[in-house]
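For reference, the structure I am asking about is given below.
Per-chain numbering from 1; labels A, B and C assigned in written order.
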Amino acid sequence: MSTESSLPISHWQRLWLYLLGGLVMLFLIAPSVIIVIMSFSGSTLLQFPPQQWSLRWYESYFGSVEWRDATIVSIKVAVMTAIVATPLGTAAAYAINAGTLRLTGAINALLTASLIIPVILIGIGTFFLYARIGLNNTLTGLVIAHTVQALPLVVLTVLSGLRSYDMNQEMVARSLGAGRFPAFFQVTMPQLRFSIVSGALFAFITSFDEVVVSLFISGGETTTLTRRMFNALRDQIDPTIAAISTCLIVLSIVLLSAAQLFGRGR
Amino acid sequence: MSIGSVSLDRAGRPDAVLNADALRADARRQALGLLALLSPGLFLVFAVIIVPIGWLFWLSLFDQTGQLSLANYARFFEQASYIRTFATTFKVAFAVTGASVLFGYPLAYMLSQLPRRAASICLIFVILPFWTSVLVRTYAWLVILQRRGLVNSWLIDLGVIGQPLPLANNFAGVVIGMTHIMLPFLVLPLYASMKTIDVDCLRAGMNLGASPAATFRQIFFPLSQPGLASGVVIVFVLCLGFFVTPALMGGGKVIMWAMRIEQATSLYSNWGAGAALGVVLLAVTLALLGLFQWLLGARATGVWSSR
Amino acid sequence: MLLSLAPSALPIGIHGIEKRFGAVSILSDLSLDVAAGEFLTLLGPSGSGKTTLLMILAGFVRANAGSVKVGGEEIITMPPHKRNIGMVFQNYALFPHMNVFHNVAFPLKQRRVSAADTRERVAKALDLVRLQGLGERRVDQLSGGQRQRVALARAIVFEPRIVLMDEPLSALDKGLREHMQIELRTLHRRLGMTTVYVTHDQREAITMSDRIAVMNAGRIEQIDQPEALYARPKTKFVAGFIGESNFIPVECRNGSVWYEDRKLRMNDPAPSAGRHLMVVRPETLRLVTDAEQAGALNMLPAIVGDVIYQGDSFICYATLQDGRQVTLRDYCRSDVLAKLPAPGEPITLGIDAQDIVLVADQ
């Protein structure tokens, strides 16, 4: 698009806008930057910039069995969620895109319901349900609950990929002798891989960062990292959390850049 | 005049119904196939979201002695603490939505006016926090805003104030923390809709002699309103049911709707009360989204895909 | 021989096809027979249902009723991949993640043809469309014409019983399009596969087809060889859609045809009594200048509106007695050129009795 700098307004006249926008961007990014810097502080006091530097909070994070266990639980659940939600969401997106079903609107609404329904309600609802069927404090229960929350993101991501994909290709593949499934796997999926991988990454990060539902349905040996962090924050502000937060920020950056790079390299 | 004239097949039936049954069966088979692709996802959503919420709704209709009653709902009007909770929730939601518009609109406007490359770099500043854990961001604001936090210690060191300002564990803290979390939800759909505004429209306005300010006021701003409206609705609705930040930054003084639900169920095990709160919250959420969709005819769920 | 399909080409029998989208009827009671090895074109404006019919043949659109038989075998409910039909789409739909070789080898891979056999057959197919040696190219390195050829090679490499093409040349520029028309025609002559071709371009249809089915509003208006379709259109729509036509209202009474108060001579037997339209092609109208020329012609007096000289030919717009405008076109032979009328001049237009075609006046 060649809409760049096309209005007869100079950048100088716009300086106030850039200043304001820059301040809002600072507001958005500063907390993360501060936390990353604080995590390398050598003191228990909250000083910024820190007076001395150390890795003691990282040692405290990785040295603690409780934090380590919680991290492992979260990773397990997030990986499983991505593995379950991605094929389910992709299949659903494919069916919605085919669009020959009646009630497509209702199906869409149902699949994306977890984006609109307040999370707290999903939290007490799943807790209530799991209490009856014994899924509270289990990995399975967490994976199912997180899958439901990640599903809309996978569906929307894959659906947007499908919308920009030329379905004639799948039709031509089928006319050339490939059944529906071979045509999908040989022709459509390789071209949707960016959307599918993005969907999987979004599912992973949605699960990994999920707090509210985990608060209700995880505990004991299956306490997730976010639940442990939440409880720790309720009590006191432990700088170990700065180290954990830094790791989470790095994880977000890595996953987002992975999605970006994968998109460009196709 | 047409070549295709009605003739009869060997069984004596008109061609018009030839194979109609087989074709209908084939159509049904294909629909079932597509439904099979949808069913695992639909089943999970149904089992984990719809069934429990229905169940909670049912529970909310009984009082603690197991009698069918509206006591759980009547309480909202009778007990001052509930009324206070609702008032606080709406106050926070309005404040956060207002602050988000105030900060988000200029940012989205700037992003939409920047050249492509610069805009995509600046967009990182919106997307990265968006995908950073809410807990991490809330923790950061606690560190920054609390009594002996960064802002207070700087201001005291600079001699601006003698006593630390109460920034966290109160209404202001909750609003600041939540604004940080909600901003991307406003900026992303707003930016997406601003990108679709035709620059020629604006240039025409300016060529016709309108000042930049007038062009903005009379052309750009009205055109950006649908995006702004969807952002506002999303932010407002998310605020109503928000839990993490008020729970951690409210210092027990700012009790919002979602926290009330958590207290009722976890602390007092009063499922009827918690469920009734949840049902009303869901009803208000859906009503707002429905109202928005009705007023704007916009895809209230469509804007989510900008995530 | 490999890729010689003539002996195995099969006829298609299409019978009583009904297609509705909701309450809207797209195709109604459509029947059509395509002979084995025939090149048949479905010609019509957009929305006439021609692409829908093609999609029904390919199996991507399901009809509400009807029968499609290939060599006597019913295929209307058969899934597309079992129909053994080669298809070329308007936008080619090449697979961008595969090179040319793998695109063309795709149908063979589905049929589990051995690697050696695949190599040989792909090479032959690429040879046929004159793309030899381009197997390793990526799809995005090809020109529009080359992509078209790859799509064609892919559609014929597995020796399908039938080839379907949906406006395959519409994305090419004019020169290349005309070139490819001839090439497609030659290829069809050589391979002899039954071909159903969809286009909205009447010139393309006339150039390439054995027969043309003109479609309008979900029905076949007329199906004929190109020459017959042009010379003897059966409906006003066909006459208007193919080539240029003057429509002159005439009346039939007492077994003869009248224009105003003139009785017209014609070779065809007179139709039923009532109002009709006479279809007159601009090039069959003549400027009558000598009385002796006039003998065998029907004569219509007119006033010249304008004469446009176009180098090899000229166009004359004239107004008939009833105020109707007609167009006449003729070549600029020196004898004609010498006697070109001036605007406003009264002239006599002549029509040969054998050139008169009447269609119903809807």
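Please note the rule applied: a contact is a pair of C-beta atoms (placed from the backbone, for glycine too) under 8 Å apart; a residue touches a chain by one contact, two chains touch by 3 or more.
Fair warning: this is a prediction, and the values are worked out from it, not measured in the lab.
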Taking touching chains as linked, do they make an open path (line), a single closed cycle (ring), a hub with spokes (star), an all-linked set (complete), or other? complete
Chain located farthest away, centre of chain B as origin (C-alpha): C
Which pair wins on C-beta contacts, A-B or B-C? A-B
Averaged-CA centre spacing for the pair chain C and chain B, given as whole angstrom: 55
Please work out the Cα centroid separation of chain A and chain B, and write it as a whole number of Å. 16
Could you say which residues in chain B touch two or more other chains, in rising order? 30
Show the residues in chain C shared as contacts by 2 or more other chains, in ascending order. none
Touching two or more other chains, which residues of chain A qualify? 180
Going by the contact rule set out above, which residues of chain A touch chain B in the complex? 1, 3-9, 13-14, 17-18, 20-21, 24-25, 27-29, 31-32, 34-35, 38, 46-48, 88-89, 91-92, 94-96, 98, 100-101, 107-129, 144-145, 147-148, 151-153, 155-156, 159-160, 180, 205, 208-209, 211-212, 215-216, 226, 229-230, 233-234, 237, 241-242, 245, 248-249, 252-253, 255-256
Report the residues of chain C in contact with chain A in the complex, numbered from low to high. 58-60, 79-81, 83-87, 89, 91, 93-97, 106-107, 110-111, 154-155, 158, 164
Spell out the part of chain A that touches chain C in their complex, as residue ranges. 166, 168-169, 171-180, 182-183, 186-187, 190-191
Chain A touches which residues of chain B in the complex? 30-31, 33-35, 37-38, 40-42, 44-53, 55-56, 103-104, 106-107, 109-111, 113, 115-116, 122, 125-129, 131-144, 146, 148-150, 153-154, 180, 183-184, 199, 202-203, 206, 212, 237, 240-241, 243-244, 247-248, 258, 261-262, 265-266, 271, 274-275, 278, 281-282, 285-286, 289, 301, 304-305, 307
Can you list the residues on chain B that touch chain C in the complex? 1-7, 9, 14-20, 22-23, 25-27, 30
